[in-house]
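Please read the structure below before turning to the comments.
Chain IDs A, B and C follow the sequence of writing; residue 1 opens each chain.
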């Protein structure tokens, strides 16, 4: 009843080029600080069960087959062929790829080729700053090169993304830092830094955000569930309220990624502020059989024109598949139930499904087909 | 199976007396900071869809008809006749009306007449203080007039309401401020204030709350979702814990309004403290097709004798309709399912429905029919 | 379809030995600060309704019979016989009993006998410290006796439990306090203390936690809903993030009890940290007909090998019954639906049910049958 012929994955990463064993595959299923507890496996998670549901059939196996059997078949096909079958089976027609994570991951061009889809690049601000720091000799040249790099990246990228929330927390002072403050912070950072050192200074994180805002490109902000080492209470999107208010009316859209378990807060901000959008996908990969409920919670306060689909997938093409299939099924189930109950008309349900699956992203990121 | 023949709307506002065009009507559907984002409309929200579901039939149209068609029919009938049909179709039998918002809104008498219902007034404390400030020459006369005004209002009003959470945040010091502290704050406020200036000083906000507590009239406290300019993390009702503890045993009931997305926290407080009640209606207008789930979340911890229905409607009689219909349907669905599952007896389900819809409010506010 | 033949209640208390009247029974149904509000009863809560659903049939009455009738039948059988019928009807095969609450409650031996089950003791750290303080003359002897008592208790107990979150809040400094700091805090506490005085000093609470961690026994931490006098925002398990990180790799497991309304946060920590587990039962007793949804929310992020069942029951054997029945029904419903939808295989559903109901607890606590 509710169909989504086209899916724009507005935030994901590439996939690993290397063959994976059972252990290395399992390690990609969750974001943990340490190995699985004795007597447990990361396959016994919502993500693990969702992978076992959706992926084996794309490689010619029965759903829910044992992990070892699935991995054997995956190796039999080879990582490239398995990746192609999986990506092409996901239903995703456009990938927006954050290229800012380490590891031997495919980039947008390969994602497009392997997935028989379009792909565009998202530039991660903190990595850009770290790369500029690696090659700049002085504070002055660092700051000049940084501004130039951000503006240069804006010419080709489809969006910027920031992990300021994971690096420092989202409770950042809302206004742009002053030039002297930025120079001081840059000096301290560069002086104490070795090549490749991570940017965690709050003044420089804010400076980066404001350079990005000035570029006019959509700016994605990581919120909610994050990477090992972070604290989720420091990534509650409500902490961004004052930054959001400070950036209102400047013409740059902000997209709150992930959100869960604070996704109702992200939806609230998308409802209050014209330039704020919220993500409705990455959390589904983590919550699996609960995807319809999590999606429905986002659909409470977020206006339907302000919700964007993503998988947030990283490393395994299985995660792109799972993100897309869970989203499609959840959206069909949630909207289909509302239509069946008479709460929504069928026409509205179909229209909102197309908006959330692809139309909103095409409009916000200026993609073809918009 | 579960019926609610009588509905006491324990918190709403009046309706606009002016004819509305598509844009002015749309602007009433949400609480935003700025116009809808390009390419979006506030009709594409849960509130917009709920209005299109429930209201057109009351004006002789098909459910889910296009907004322009609905507005044309509304203007054809005229704002007064359309308002009467809508309010009388809501099923609300008593309106408790907060008269403290600006704009050309109908008051309790007109609401009663237009809605063929009873109506009583709720007095907003901050507006009362601002009106007293407008007409008092000195700190001493301001404080004396303020106390007199609150006690005078208590003679006719059915409750007081406070937006201290939206003005300052709910993390207020729990005890009453001392007389010297109050005089100092009043002096500073009056000295810097122009006529109509808003009260945001935390000492005076607390002083007002304690005068209201002393009156013995039920005191409604805004929590959770609020007005543009506020931050929802500052309106989490759990921030009121110490104030709630400080007012225990004084004989004055506290009613936590709205609550969402912290409605589980409000329900918790209603479960722990004998004098605390929680609201189960206004959030439903914002969450539309999700109303049954939001209501069910309130029904987790809140004792069934401590939950009160409201619409929180403001400006559009459509919002009174939507608030009432969503509540009625959600309550019937949630309790009906529990009865069908055998978790509750039918008799208990029917009894709880009557309590939440009207009985609890009649008891707390001392309304006839209690 | 989904069965749980064995239930290990990983956290509960004993039951009262005295006959109860309607009022004294009612008072055990909720954790309130004060008597029920005028015109309300604590029987009109999810817990009250769940007791009326599940318990009367175990005493030969119809489900949902009136409280007075149920209490009359209970007295007719006598507290001992009624308790036996209830506990034996709960389906619980092992009770882990926190013996650290005051009142005339049965201990593990009686629980085992009355319930025809196994039972083991959980030692409450704060009570242990208070008992040591009652009998120690000096700071030096107190600290020596404390360490000895904790290590002695570890020989027989199955776990330690801490209410540091209810006494002070979970935002404790994560590292162990230094010896001088501990001596200073102990000196101040002992000097100002009367026999039986409660331990609330944050330095001593941390010291206790770290002694317990050193023992290697599983350590249960109260989080979320607590006792009268606490504030739930101070018991959000996310506040434990840094303590959790500081105890990683030491070989001691941490179990987050209760969690609700922050149970998604507890599940998140169980997903990120190998040594963290989360509780899936006590919240169900409080939320009754909503148990399936609350359980499903825990099942979003928590790996299935990291979830443990408990009732959290205290005083009334009815609460052990309700905790067990609600859990069993909720688990069957949630997992059964996922199996019916094809999201999970039947075999996986049955396996996860056995893990959450008993297998995980047997492994973590080293119980027979593991």
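Going forward, contacts are C-beta pairs under 8 Å (C-beta built on N, C-alpha and C of every residue); 3 or more make two chains touch, one makes a residue touch a chain.
All values derive from a computational prediction rather than experimental measurement.
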Query: Through what angle, between 0 and 180°, must subunit B be rotated so its C-alpha atoms fit those of subunit C, rounded to a multiple of 5?
result: 120
Message: Regarding the subunit A and subunit B pair, does the interface count as same (over half of residue numbers shared) or different (under half shared)?
response: different
Field: For subunit A paired with subunit B, centre-to-centre distance based on mean C-alpha positions, whole Å
entry: 37
Statement: Residues of subunit B that touch at least two other chains are none
Query: Of all residues in subunit C, which touch subunit A in the complex?
result: 236, 238-239, 241-242, 245, 248-249, 253, 264-265, 268, 271-275, 296-297, 299-301, 303-306, 338, 341-345, 347-348, 352, 355, 363
- prompt: If you look only at subunit A, which of its residues touch subunit C in the complex?
  reply: 30-42, 44-46, 49-50, 52-53, 63-64, 225, 228, 231-233, 261, 286-290, 293-294
